[in-house]
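Note that the chains take the letters A, B, C and D in the order they are written out, and that residue 1 is the start of every chain.
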Amino acid sequence: MQFDSLQSLIAMNGYGAYVWSSYLVFLVVIAALVLGTRLQYRRIVLDQQRLARIETRKASERKTQNESGS
Amino acid sequence: MSTTLLEARQLYCERDDRVLFSGLDLSVGSGDIVRIAGPNGSGKTTLLRILAGLNLSFEGDLNWHGYPLHGQRDWYQANMLFLGHRAGITASLTPLENLRCWVDMRRPQREASLWEALADAGLEGYEDIPSAHLSAGQQRRVALARLYLSTEPVWLLDEAFTAIDQGAVKVLESLISSRAAQGGAVVLSTHHRLQLGECRVLELGGA
Amino acid sequence: MWQWFHKLGSPKWFFGIAGRLIPWLGFGALMLLGVGIVWGLLFAPADYQQGDSYRIIFIHVPSAYLGQSLYVAMALAGAVGLIWRMKMADTFIAATAPVGAALTFVALFTGAVWGKPTWGTWWIWDARLTSMLLLFFLYLGVMALRRALEDPENRARASAILTLVGVVNIPIIKFSVEWWNTLHQPASIRMTEAPAMPASMWVPLLICAIGFHLLAGWLILMRMRNEILHRERRARWVRNWVLSQ
Amino acid sequence: MQPESRTPVTLTDAGSGLTRAGMTTFHRELLIAFREKQDVINPLVFFLLIVSLFPLGISPETEFLREAGAGIIWVAALLAILLSLNMLFRNDYADGYLEQWVLSPQPLAMMVLVRVSAVWVASVVPLLLLVPLLGLMLHLPADRIGVLALTLLMGSPVLLLIGAIGAALTVSVRNSGMLLALLMTPFYVPVLIFGTGAVTAFGEGASITGHLAILGAMLVLTIVLAPFAIAAGLRMSVANG
């Protein structure tokens, strides 16, 4: 282990700010991508589930109308 | 037996997730007139643009003289005239210049026949003023003049003559029937009630 | 082989395959990146010249490399889409563009931050950083063009054409920026190629690189599945799948 | 009203009348440029405007202007050409002529090349004629203005052809000015680098044949490849009208 204590790890003899900020930005960007993908997925699935429910309800209404009508 | 010029087999097309038509067959031989009918948004324009080779997003195959159309594009376009909703008239050019540019790109003709075509289309005296000053009906007549000049066997007219008056409609009917009589083929969609001789009607949007 | 290639084109088959691959890719990326980054940050020796600032290399080099190879992959998909009219190709482009742009941005940011301790300025017009900036614009261009065109067919064909034109220009851009850089850049502060690295440095780098590839694959496959669900939303199998979720 | 159309129905094979069609396209483009002067004047004024801003914005001293002058003029020319791009296809797309033009039996890539060269003559050559005047405004020595004009002469067709690819792709998009700039800037960088590089090299007395050779190579590459991309872009934009 190159650094003997947590403080020296964070300080990284003076370069800590640059190294950790880079890794932080990397983490933030990847997290944003993953979150974006997940939200996109959830939105699509929810939309289609709602649509499917509407259609099945409409289909059942039409069926009851036909039965009552004929 | 009329040779089949343009043939479409099992055409399937879907647009903003509605199936416009599927399994559509259409065979257009010389002497045929086919009118595409159907409510607005039933895919008339899309079908005509597919037949014209403009719209490539469809399944099924399209043959010209028996050969697949996408391989014969230049040959097909040399023998096909397509007129769409927009007349294709450049506002800053005069009708004569518009006509000359259009004809020179396809089959150059004598200057005199340009004047005759414009006169036939009822644009006497308007040949030299910029098209911007013409009314919409008159601009359509410049497109009509193209039909006079056209020697192409196949015409695809997609509601190409919306703003023209009654007199011009008569002219259009005679042009179409004479084109079919001379062995050409016309596929059109139109709002006008055209009295055309024997004309097959292809109904779209029936589903 | 041909039959496999055509099966790749069917969204339903691809959806299934991607579904099975995604957990493995995700787990693999997590493992490799975890090991690689911890090793690089904590255990790799400091660089005798740059001190510890070189540790940024473990995310800078892989993301720069991926940023570029993803654009080339998009161009290949564009070519396949144009020649064989395969809809899946456009799904790939739609899924990859944001991932490529994000990785190129990471490479740009880390490259700039790395420049600060080494040369005292936040941004140096170094050859590789500048061409990465232009690559970033290329990605933004593809995404902006896709957003501007509503018709899916036009969007597919336009982004295929743009990526192909882009991939032809990438070597030209790199060559001219490299040449321009040597002209204006005094040799001393030229960003050196990865210095001859001892094994204790390039092993974690290699692990991180593989980890990055798995990460990109994981993200792209997930986004492709979303794209497929959206495009094939009227298909029966999508409806059943959605209702079963 | 003559009901019968005089012209007989004839089936022709393709591939005839290419030169005539090319001449017509070239002539038509110049005619429209002459009639719609505004489309030609806008890039000129824009070019003049940008160049005259730099001395005001940075510093009017001769020493700075002489060194930065070539770069300023090159960037201004690049932006002016970017501005004149939508003159290429936009009006024809709006009134429907682009459809007819794409459907003409001539090979589209050739026609596109003729059309872009006509626009180059109509709107970019006036820019080049303005370069000596602007060079003097920026205190550039006469011989350096000559080299600058030469590099612009070789570089501007490349800028226009590559820009035309973007114009063809975005012709169906409303207000696509900014999109076009974003799409095309990365592809303009190599031309800009070698264009200005030649002038600075000439300023330092070095030989510029290398730069001109590379600019020439880019010109030839673009003339050969760009028309196909432009034609594909136009076919895409015209597809559903």
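Criterion: a contact is a pair of C-beta atoms (placed from the backbone, for glycine too) under 8 Å apart; a residue touches a chain by one contact, two chains touch by 3 or more.
Just so you know, these numbers come straight off a predicted model, no measurement behind them.
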Other chains in touch with both subunit C and subunit D: B
Interface with the most contact pairs, given as the two chains involved: B-D
Taking each chain's C-alpha mean as its centre, the one farthest from subunit D: A
Identity of the most central chain, Cα criterion: D
Averaged-CA centre spacing for the pair subunit D and subunit A, given as whole angstrom: 44
For subunit B paired with subunit C, centre-to-centre distance based on mean C-alpha positions, whole Å: 47
Inter-chain centre distance, subunit A versus subunit C - centres from mean C-alpha coordinates, in Å: 19
Inter-centroid spacing, subunit D versus subunit B (mean Cα positions, whole Å): 34
Junction residues of subunit A - those touching two or more other chains: none
Set of subunit C residues in contact with two or more other chains: 153, 233
Two or more partner chains touched - positions in subunit B: 56-57
Interchain contacts, given as pairs of chains that touch: A-C, B-C, B-D, C-D
Complex interface listing, subunit B residues touching subunit D: 45-46, 49, 52-57, 74-75, 77-80, 82, 84-93, 97, 100-102, 104-109, 113, 116, 120, 122, 130, 147-153, 167, 170-171, 174-175, 178-179, 182-184
Sites on subunit D touched by subunit B in the complex: 1-15, 17, 20-21, 23-25, 28, 31-32, 35-36, 91-92, 95-97, 99-107, 235, 238-241
Of all residues in subunit C, those that touch subunit D in their complex: 82, 134-135, 137-138, 140-141, 144-145, 148-149, 151, 153-154, 157-158, 161-162, 164-166, 168-169, 172-173, 175-177, 179-180, 183
Residue numbers on subunit C that touch subunit B, as the complex places them: 153, 233-234
Subunit A-facing residues of subunit C, complex: 37, 41-46, 51-53, 55-56, 59-60, 63, 98-99, 102, 105-106, 109-110, 113-114, 116-117, 215, 219, 222-223, 225-226, 229-230, 233, 238-239, 242-243, 245
